[in-house]
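Please find one structure pasted underneath; my questions will follow.
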Amino acid sequence: MNKSPGRWSAETETHVQFFDLDPMEIVWHGRYVKYLEIVRGVLLDTIDYNYVQMKASGYIWPVIDMRLRYIASATFGQQLKLRAEIVEWESRLKIDYLITDAASERRITRASTTQVAIEIATREMCFVSPPVLFEKLGVAPS
Amino acid sequence: MNKSPGRWSAETETHVQFFDLDPMEIVWHGRYVKYLEIVRGVLLDTIDYNYVQMKASGYIWPVIDMRLRYIASATFGQQLKLRAEIVEWESRLKIDYLITDAASERRITRASTTQVAIEIATREMCFVSPPVLFEKLGVAPS
Amino acid sequence: MNKSPGRWSAETETHVQFFDLDPMEIVWHGRYVKYLEIVRGVLLDTIDYNYVQMKASGYIWPVIDMRLRYIASATFGQQLKLRAEIVEWESRLKIDYLITDAASERRITRASTTQVAIEIATREMCFVSPPVLFEKLGVAPS
Amino acid sequence: MNKSPGRWSAETETHVQFFDLDPMEIVWHGRYVKYLEIVRGVLLDTIDYNYVQMKASGYIWPVIDMRLRYIASATFGQQLKLRAEIVEWESRLKIDYLITDAASERRITRASTTQVAIEIATREMCFVSPPVLFEKLGVAPS
């Protein structure tokens, strides 16, 4: 299968809140996981396969791997641009992320998450993504 | 019914973590809600009616009212004593809380939460606490 | 002084995220404190006296009292309207909040927070709000 | 330099709280970052170089890289064992983590974090760990 980078991607913005800051007056590193989920939700909405549709399709998709690379810090009131892109889907759903300063496009964080399908009925992990994901993506299974 | 203050009470301790601090280097005021839930869980375990038993009994008990009074701040590494006590139960479950510095007993926060039973089957709010709560408390319904 | 309700008010919206849900699939009650802070930030920006300007003015304004009344629950993907209004300012800064469903205006949560000024230099609590607050509000001290 | 695995390691336990659960009734994947920080704090206390001592030494140590591998899920009331071990220190501080079920030792999560020193005075990142870290670890700089 021919991977087309950017074929399924989304972006949104968020505003750094006081409650996400640590004593260094920067966003605590663990809170970036929320930013990833915000833009992942926007991305999954574009393919009509977010949390509600996943459950309705008989699958949950837990995150099994997550990596974050912190390049710069974010501070109070800063407007952040959040980008997400599906980069793998055949056996697992891998999404890459880039968080930048919305004004300057300066890079702040790079990240990726990997999710696998678990069939709700059997609680078994799927070693190939279920047909519903291919349908939602509009591609043929390999 | 004769209310016996302290009849159902519990205490535990927690350690202030870095991720709960705000830029003032004190615990962000919203994170005290977690401390309340930690000691409420200990209290509800003592009457064998915590989240799991609530669901098994056919009821959920959402918080409908919460009040916090902040007296002093808590800082990194501080050991806190958390106390909770059931003060009402006949028509709703009201719990009072006191958070103190574990070493000095200096008061940090006072709080209360009020929960009501909702029957899972009907989604209806109960205007009198269901019999299971009285059984767990070992008291007769009024 | 003649209190004009609504003279200083603000509103914004937020989208319920997966990470704010609890096992009941509704927003965990403690996370509403974040919603309060989001709209309080918008409100304080309108009078140019948010966190950064507070510190620059020589004062911090910790929350000393917070009350929340939960009327209905909020669920995944719901769009919420957040409103905040300054209702007291002379000796303390009291803000009332109303959170509603953005589409139906159905009430979800009512809340209030009270903050007092602490002078950074002396660490002393102010029993009357400092002149800077009256300047920012454009009113004369009483 | 001869790396001695396990030379600097620590363990502690934590109890899964309701507020850390998601709608699947398991700990939301992002909240494991808190568990990492809890045991990292215990580990850094053993070498007397936790947040307070870091600042006093003139350095902050932001996390620049974090990886988590989720093996199994954790549920309400579960007791977790958290382990951390320093595995690199010469140019950066890398810590590996293992989270297991406290009773069965079943593996739940593996993770690592990498921190680098930034000199507070100059805001410059250190490409070699500052002497204070070697002193705290009781080893000679390479």
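Points to keep in mind about this one:
Just so it is clear, A, B, C and D label the chains in written order, and each chain counts residues from 1 on its own.
Note that a residue touches a chain if its C-beta (ideal position, glycine included) is under 8 Å from a C-beta of that chain, and two chains touch if they have at least 3 such contacts.
Keep in mind that this is a model prediction, so the values were computed, not measured.
Looking at which of A-D and A-C shares more C-beta pairs in contact, the answer is the pair A-D. Chain centre most remote from that of chain D: C (centre = mean of CA atoms). With centres defined as mean CA coordinates, chain D is found 24 Å away from chain A.
Chain C and chain D have centres, each the mean of its CA atoms, that are 35 Å apart. Centre-to-centre separation between chain A and chain C, using Cα means, comes to 31 Å. In chain D, the residues that reach two or more other chains under the touch definition are 18-19, 23-24, 30, 33-34, 37, 51, 76.
On the side of chain B, the complex with chain C involves touching residues 23-24, 26, 29-30, 33-34, 37, 51, 60, 62-71, 73.
Remark: chain A residues 17-19, 33-34, 37-38, 41, 50-52, 76-77 touch chain C in the complex.
Interface residues of chain D facing chain C in the complex, by the touch rule stated above, are 18-19, 21-25, 28, 30, 76.
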